[in-house]
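Each structure below is given as structure tokens.
Heads up, the next two complexes both have subunit A, just with different partners, subunit B and then subunit C.
On to the complex of A and B.
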């Protein structure tokens, strides 16, 4: 095998096609998009070279900073929620549900295969206030908590949490399965030894389970963080960035700028900022993970 | 770069194809040649103007065999984008729903917009458009007739006559009376106003209504001309007045969740006392399956006066609805004959088929018109000065900010000043 992989022709044959496709569908558009950041104009009126003006505009654009703040806040809240809930579920599968966890695992996993628009419609109905109360407001009404009835999706403060809740509900089954796979890989004799040594619940979790789970947990965190930083469909389907622009992430701001207002130059500039953000977050996580492994 | 080159090549190619098509000043001879009309439109096939243009084309095809009318549906929120992309690819059809004014200017510069006035004059059918409608349409497009007035709408408050009578409320003539009426209804547990926050524009039109009454009918033109700004105190006061309606709870708790149809249904099911809307909604008011309060219970009052204001309620917000532009690059003699047929019969067909009031001359009115349609016709006839609407002269970005931020305005999440500032900033 080693001899085979040392053969340059074999390496070219194995990697070539994939590299070619990768270059065509990813690298060229990225470079193309980078080129657009130096232009302004539209497809109808033509483009004009403006140098770094788009980046100057970006630095002073209040809507960009608002969108960035939302994206980061949403990514942090959703990641904690998704991976946290996933971890609790995985622990429940292994330690409480045992063999009967298959059915629960399937049910909890189901939302991830549903189309986002369907999930968003479900949540929009759940939290609706007009023309009829949704389940949440109707429930509050039924138990006499009229004061808590509110337009959940019409207020910046509550709309944020409804979107987070929806994405946590949708994705927690996925992370639960990943972490479950990590948990069942932990050798039973290690757990038994820890128990004999007197480790109970929290100590067992902190001293034994967590160290074993760490690589899987990091993988889950990277998936969740990068995935939520790029959130688009959930927000578009549930609030369309509103009320006002309160729940507009960078992706939606970029989409509106580039494709609704056809300002490809500035839209590409926002896309670049998002790409840099994802890159920085991923590198930071990898670095953190490596430092942890080295230790 | 490459796109610039492509755009230049497209322009050159277009000029080359346009040259033999250059129209002469004389009316073209009708050779009976067929026309294949395609309309890239925000209205579904068989609905609204599509049904009417289809009928006219069927009639036209009896003398111009093989003529067809085809609808290419384009959802409203993606329409502007679609028009620009198809134009850039040289694939824009003969007819298309007008995008925002700034986009129209670019399309016009690229040769995709036909000025209809000289064409109608040449075809001898300019007199088929009512003078008032001609001027309203030209005002909407900076002095040129770029679209046909296929609708002529007035806007104002529609009210539930029964609820007004039950609670002893008279149709308000001043803003103060409107607030007093709203408070009376609210005290009885009736929602005073139905409005769609998802659409946004049904609320921004209250802002422009207030602006026209308080600052005069040319107030928005002054903003466009740069002699006034939306952040000036008079304009901010208008946004504040509408924000105050929201703060009083007049729009109900769910304004942010309401779309166009559910908002109308609130009014038509007797759950809201008033509804600000254009007269295009009369078709829905006349539909007994939808209108549970009955057409006879729907009344109309113009936007009330603002105490001490420069405008008054005789100045009616009037518009020609969503408009349709004609692609100059595809306009030839066969299309000219079809345009002539449309100008000659649209007014009659629209009124007879849909009870739709248009800007065209009607010389064969149906024997019986629904009462609400008569009311609209009378109101249009009585209008001496018309005003436009808030976002009529806005760019695509300003329009988006105006619609998006109006819910935060009426739910107390954004101040009136910040709201107006957000619209101004979007345009800068």
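On to the complex of A and C.
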């Protein structure tokens, strides 16, 4: 048995192909991308070594800071929306619907499997104002709230919230299932005991459910934050970063820098900033979660 | 009160999709003459024909199938073999290699986009299906390996030992003993990577500029730019076509899809 499991040739044959593809598509390009941050130019115009100049440019680039502010603001708003709505849904599944909630859970989960581009194209029509009102403006018109009719995607203030709303609509069912899985793990006698003690609803939630739910909640927060920091498809298909550059996240700014302004070096620098941001957020939440468990 | 809240919730989730399918059946004049919430006056399937042919959605759909199917197959194959080597076989450094694979889940696509573009440019692989397939397989490995390793953990070692006693080689043990026991995992990895690859925009947008090579999502984006503002009927039809495969998969296999997509979070 021992010899059988230590067959080195089998390791190479079985692991080799996967490791090869992984190295070629992810590992080498990651290191390569780090190298690009020291250059400017592109494969068409050639590269020039510029040292740390890209990082200096980054520090003083207003468009970069605007994109960072949008990415972070959008990630925070979407995460609160997705996980918050998910938590409310999960509580509703457990306390209102009980074990018979499979159908509702499934329906509410569905949007996350749909392609983002398709959903965003649909939402562009939902919130359209021309050539005819989309469903939202037409609905406002029908109930006499004409004052609220507006170019939802044409103004910076509302476009931001439409993107957030769409991503909450897409993902809340996903987080609801994750949090639901955490809730049903809580032993029934714990809940019953809390009820007999006369714990009121909010107290019950804060003192009994929340401590049990904390690990799952942190996982959900990490998923949501990292996922929304990487937002690209939704924005590209819904607003293309506009109006102006009002809804341009880091991902889209990186894309435009590289492929429209043909600066791979600076594009890689922005990509690196994004990767560092995702890593810092993940590690910070992990540490926070662990400190919480230790306490 | 409860029933109202739950009904409202379900309506909110479904309404945009119902509106999408109903609108895809409307004639162009209905959009300008009636409010958009009106029911279609007839079943105008011409929208689907227009989107499929003049809108080239048919080409995009086929391109996507030709990329997605081999990619999913390769992801499953490579994840099943790699995870076997990482979880069942014993060799020094295997935990480090496993960690290396799983760390890939965190990497944003933007991080590898430009080097890959350069490589594919030099090799003349831009606008080819091979470039997309290779990239999708690479991106599918981290989560796939992570999921498969979890399933292999549950394979009883005694069964493998028995196979060895019977004189099986390590490859036979993999194919005849271990693989049949992780059928669920294979289905899960296949489903999750199918959904990811079918919905991808970033990679397809970067590596294809030729309109004849567009996948369904990049094609839909181009379609919406070109016809979307004026021709709502065919646009809704195009969106419906782009969502149909994933929706169909979900309707048939919903519980498995839910378990697969949430597995990373629940176990992590």
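Quick note on the criterion: the second predicted complex is superposed on the first by the 269 of 295 C-alpha atoms of A that agree within 3 Å, B and C clash if a C-alpha of one lies under 4 Å from a C-alpha of the other, contacts with A are read in each partner's own complex, and residues count from 1 in each chain.
In this text, a contact is a pair of C-beta atoms (placed from the backbone, for glycine too) under 8 Å apart; a residue touches a chain by one contact, two chains touch by 3 or more.
The model shown is predicted, which means the values in this text are computed figures rather than measured ones.
Undergrad: If you stack the two complexes on chain A, which partner ends up touching A:153: first (subunit B), second (subunit C), both, or neither?
TA: first
Undergrad: By residue count, which of the two partners contacts subunit A more extensively, subunit B or subunit C?
TA: Larger number of subunit A residues touched: C.
Undergrad: Tell me the contact category for A:46 with respect to subunit B and subunit C: first, second, both or neither.
TA: After superposing on A, A:46 lies in contact with subunit B but is clear of subunit C.
Undergrad: Going by the contact rule set out at the top, does A:109 touch subunit B (first), subunit C (second), both, or neither?
TA: Once the two structures are laid over each other on A, A:109 reaches subunit C alone.
Undergrad: For A:212, is the partner it touches subunit B (first), subunit C (second), both, or none of the two (neither)?
TA: neither
Undergrad: Between subunit B (first) and subunit C (second), which, if any, makes contact with A:245: first, second, both or neither?
TA: After superposition on chain A, A:245 lies in contact with subunit B alone.
Undergrad: Based on the superposed arrangement, let me know which partner A:131 touches: subunit B (first), subunit C (second), both, or neither?
TA: A:131 sits against subunit B and subunit C alike.
Undergrad: Output check: A:274 vs subunit B and subunit C. Expected answer is one of first, second, both, neither. What do you get?
TA: So A:274 only meets subunit C here.
Undergrad: Return first, second, both or neither, reflecting whether A:5 touches subunit B, subunit C, both chains, or no partner chain.
TA: second
Undergrad: Counting only touches as set out at the top, which of subunit B and subunit C does A:89 meet: first, second, both, neither?
TA: Second partner only.
Undergrad: For subunit A, what residues appear in both contact lists, the one with subunit B and the one with subunit C?
TA: Looking at subunit A, the two contact sets intersect at 43, 130-131, 259.
Undergrad: Can you check the complex and tell me which residues of subunit A touch subunit C?
TA: Residues 1-2, 4-8, 10-11, 13-15, 17-19, 21-22, 24-30, 32-33, 36, 43, 89, 92, 96-97, 102, 104-119, 121-126, 130-135, 138-139, 141-142, 169, 173-174, 177-178, 181, 216, 219-220, 223, 226, 230, 232-233, 236-237, 250-251, 254-255, 258-259, 264, 267-268, 270-272, 274-275, 278-279, 282 of subunit A touch subunit C in their complex.
Undergrad: Which residues, counting only subunit A, touch subunit B once they are in their complex?
TA: Against subunit B, subunit A makes touches at 35, 39, 42-47, 62, 128-131, 149-151, 153-156, 241-246, 256, 259-262.
Undergrad: Touching residues of subunit B toward subunit A in the complex: what are they?
TA: 1, 3-4, 7-8, 77, 80-81, 84-85, 87-88, 103, 106-107, 109-110, 197, 252-258, 262, 265-266, 396-397, 400, 404-405, 407-408, 411, 413-414, 422, 425
Undergrad: Mind listing the subunit C positions that touch subunit A in their complex?
TA: Per the touch definition, subunit C meets subunit A at residues 2, 5-6, 9-10, 12-14, 16-17, 19-20, 23, 31-32, 35-37, 78-79, 81-82, 84-86, 88-91, 97, 100-101, 104, 106-119, 121-122, 134-135, 137-139, 141-142, 145, 160-161, 164, 170-171, 173-174, 195, 198-199, 201-202, 205-206, 216-217, 220-221, 224, 228-230, 232, 235-236, 238-239, 242-243, 246-247, 249-250, 254-255, 257-258, 261-262, 264-266, 268.
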